[in-house]
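The structure appears below as structure tokens.
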Amino acid sequence: MSTLDFSTKIGSKRFSNPIFTASGCASSGSELAQFFPLTEIGAIVTKSIMTKPRTGRMTPRMAETPSGMLNSIGLQGPGIDVFLEKDIPWLVSQQAKIIVSIAGETVDEYGVLARRLRAVSGISAVEVNISCPNVENRGQVFACQPDTAVAVIESVRRNIGGELPIIAKLSPDVTDIVEIAAAVINAGVDSLALINTLLGMVIDTNTMRPKLAGKTGGLSGPAIRPVAVRAIYQVHQAFPNTPIVGMGGVASGRDALELILAGASAVSVGTATFGDPTAVIKIKNQLAELLTQKGFNDFRDAIGFAHRGI
Amino acid sequence: MSTLDFSTKIGSKRFSNPIFTASGCASSGSELAQFFPLTEIGAIVTKSIMTKPRTGRMTPRMAETPSGMLNSIGLQGPGIDVFLEKDIPWLVSQQAKIIVSIAGETVDEYGVLARRLRAVSGISAVEVNISCPNVENRGQVFACQPDTAVAVIESVRRNIGGELPIIAKLSPDVTDIVEIAAAVINAGVDSLALINTLLGMVIDTNTMRPKLAGKTGGLSGPAIRPVAVRAIYQVHQAFPNTPIVGMGGVASGRDALELILAGASAVSVGTATFGDPTAVIKIKNQLAELLTQKGFNDFRDAIGFAHRGI
Amino acid sequence: MISQKINRSAVQIDAEVISNKKVGPYHHMVFAVGQVAAACKPGNFVAISVGGSQSALILRRAFAIYRALDKGPMGGSIELVVAAHGEGSKWLCARNVGDFVDLVGPLGTAFGVPTTNANTMLIGGGYGSAPLFALAELLKNRGCRVDMVLGASTANKIYAPLEGKRSVSSLTLTTDDGSAGIHGQISEAIPRLIREYKTEVIYSCGPMGMLSAIAKIAEEFDISHQCSVEEAMACGIGVCMTCVVPIKHEDGIKMVRTCIDGPVMDGSEIIWDRKSVMDAL
Amino acid sequence: MISQKINRSAVQIDAEVISNKKVGPYHHMVFAVGQVAAACKPGNFVAISVGGSQSALILRRAFAIYRALDKGPMGGSIELVVAAHGEGSKWLCARNVGDFVDLVGPLGTAFGVPTTNANTMLIGGGYGSAPLFALAELLKNRGCRVDMVLGASTANKIYAPLEGKRSVSSLTLTTDDGSAGIHGQISEAIPRLIREYKTEVIYSCGPMGMLSAIAKIAEEFDISHQCSVEEAMACGIGVCMTCVVPIKHEDGIKMVRTCIDGPVMDGSEIIWDRKSVMDAL
């Protein structure tokens, strides 16, 4: 059996393998660390952090749906100060590769977060979660319009300095995801993360009211995988040189391979971890086996393979 | 046990019960008629018909996905002439309530179809499937922009005359479905059908190519139900007086009730029929039982109930 | 699209599993179906719901009827030969005696039988042999000569039970790996056998590649060819339009539903060359 | 959010079902878990994957550990009391002896035990009694007085097996419909019992409504109250943040994860009034 080069690159940074956690689905790593060493995965993507501590929403915060789930956490988190003081040093001590996800309510908040991150060592990339409501514009999600998406990215770019790769995480709830991708690539992002959750709702037929306290929530899990594959395929088709961190319903090595063939340079695993704490490790091993079976010696040859002629 | 008034209204038309078939999921009725009399269901919504006969796409045309499926039929159909000559008279002979779904490649084609329908008796409504690629505008789907959606509806309105209710069927693949709904309501539709399929893709990891011959396909089934509920809830919130034909992943009476509580005045059953030819009948019976259990005497009291204060 | 061919015998029933035996890589399964058995003709299929009530698998799976027994000790029954292929068929193979499955059938067209005695050849690939044994019996009873040719990639994938062979005049096996019978693809052996047995009608069932090769041979020999095709089906009852094959038609290509106008179709009407169809669309 | 409370004993194992018995509306189930049993403390729970590999149910289900036996005839085992509530728990209840389930545990916090002898009252609603029996044994061994109060809507929903009652000094039953014990809601009976038994510590487990009522009583009597809460959990291991309850905190409200900082929590810290939390957010 030939050996597989399983490493991948996002911007200037190299990762030992392409299986990452998904933001908000691994907390800040310590909970998973008792099931496997964090060095086993390509990177841990932390839960989106904001400037201030946030309480988040009232429960119920989740509803299981067919092959999926809704969540409405409301970006609960300790705020950037505590995060940099406690979570990052702990992750560094575990020798984990770290991608920090940031979220803001205003364009400025993203800039402030980026500035806080610029001097922090041990971080491999920043993922900009622009699927957040813009409080300055009727709560419209930044990722839904090219101009607001670009404003956020420019604010981050200006403040982050140096060569920390910027990954823009896009929402699939748009008319034309390629248009948004084009805009943020133009604004200088190094990579895209596709996809965030789809906006959904469950009504509890017993109480006859929306099940979640926040009424709507984000749909994730295998149910949305076909939407993720489509989004990744479309964006990779348009921008083959921009690395994509793919995610959405990956629960097996086969699923990860599907996103990679569509054009993902790395794959984040979210909801699958809830069903199985060691999902990321299983997925990584299954993927390596599948790639080897198919005769790939270099993982990177598989990226976007579905686009190539027969 | 009190008796339930199970009837519903779409525009000026009354239907004996609110469970319909979904366009493209019941062919033109004759195949289901061997499993139950078509008079048992509120209405049969026919497969979207175009002016000319259409071959449709090459196979594979479908892929099963977790709790869902992709389809890419390419609007195969006999064309309006054969449809009016054979399918409609047969449905009329069965005393079925008929809603005709129409589809076009240009704004004019919709107008032509509407004109052909104006004199046809036995039709209860026309559903305008605007989730079709606009050949005059880079294949952009009509339903994706307010202006093209409105152009189609206006063309239909001008040509259809009389009081045949017009139902505009919207795509969920838009940034703001309420905006599209507002535009077509303004253009004079009597009702909305929510939701059409979501654009998705499956890659066959054996061949390492997109599984469908048409590459992308429409995602339907229980997987998308939370998206349907959310869309119906949002639109009903904004336009409580516009009746909605809800659809998307309904497979049980509970599911139908969920869409009704969100704001649907009727519910179409699509993909569930593939898994169970008598799904519509089971769903209708389960729904009636649930409504009675919950103390509803009039089905219409349940419409949009999830919006009302506690 | 009203078709004259809708199988009006189809019903939906809860069918009890009354036997489930592993035979090589297949499962031979028997279901109690009562009166439904009487309506089943060779070539028909059934569509079975898989995975149970909370399954992520939402579509039925199609299986050719291997045999239908009108009156057995358990009443009417049908038999299937199931390959544990993916999750759905694996679930079915894992059913125990006494379990019930939701089954719709009989569906689709049946093999047409020659009006006069004829020399027939029945060609089956893998589990494609399943519907051919009942056909062989029928043809034999009508006085036809029945030559059967069964092929597979390797010996144990040929499904050819003893009792099935009763009605055949000759049985030829082929395997791609030479582990049984003639070494090579089934289609390679056919021309010689047609000459030898003076075949007048071909019936075939198996993978599309095999059917396509046989269609070509049938055309060369100018003999009639009925084949049972296998396209992925979402509904099995004619309402979804996913299961189509392209056939020749006055105005070009027409897509017909293999669950209603098939699975048994006239091999000479099907357009086998995918590329030509893709280009024409 | 690094918590000091992560249950470091938690492991993921394939656990064999070694017994499954219906007891009233519940299933008493025993699983072989080997050494894991030794790490289980009263109050801990396990998270079990349900529905099998192609299930549309993708999240684990949480169940309190009723009993953990370090060394039994089958090695270490744990016991659960499962109500067949929805599809997931129904699936679990339908497992046969010899089946395996994917189980993660022990998870969460355990009941704290008083450092000195104390009069304790253990209050359980429905299957909420499950974790209380092991706790009773522990408290009894520490020399505590243990008064148990179990309530449910109706008699057969009270889970109170014979062997469980060994360690209690008194057992009071309540039912909403009066079909057994005191007629009425469990919380109505509590104040009188507290006075009677001179209760110093309350332990409770059951529906949130019940816990909330007990928390109020505990506050009035100014006695300590440990309750095991039940919030819907997506992961059970602390990574999803769905299972939170609001607790009082210097800067207002803090949401803490009941799978890590719970399920056993200090009843006086929890903000029970949903409306006040909703308004504050």
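Note that the chains are named A, B, C and D in the order they appear, and that numbering of residues resets to 1 at the start of each chain.
Methods note: a contact is a pair of C-beta atoms (placed from the backbone, for glycine too) under 8 Å apart; a residue touches a chain by one contact, two chains touch by 3 or more.
Because the structure is a prediction, the values reported are computed rather than measured.
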item	value
Shared chain contacts [subunit B and subunit C, defined touch]	A, D
Chain separated most widely from subunit B, comparing mean CA positions	D
Centre distance in Å when subunit A and subunit B are each reduced to the mean of their C-alpha atoms	34
Distance from subunit D to subunit B - Cα centre to Cα centre, in angstrom	47
Centre-to-centre distance between subunit D and subunit C (centres being mean Cα positions), rounded to whole Å	55
Contacts with two or more other chains, residues of subunit A listed in rising order	66-68, 221-222
Set of subunit C residues in contact with two or more other chains	56-57
Chain contact graph, described as a line, ring, star, complete graph or other shape	complete
Complex contacts: residues of subunit D adjacent to subunit C	51, 53-57, 87, 91
Subunit A partner contacts - residues on subunit C that touch it in the complex	56
Touching residues (chain side subunit D, partner subunit A) in the complex	1-3, 6, 8, 10, 12, 49, 56-60, 102, 104, 231-232, 234-235, 237-246, 251-255, 260, 274, 277-278, 281
Subunit A to subunit B touching residues, read off their complex	63, 65-68, 70, 144-145, 173-176, 198-203, 205, 208-210, 215-217, 219, 221-227, 229-230, 233, 249, 254, 257-258, 261-262, 290, 294, 305-306, 310
Interface residues, subunit B side, partner subunit D - complex	66-67, 222
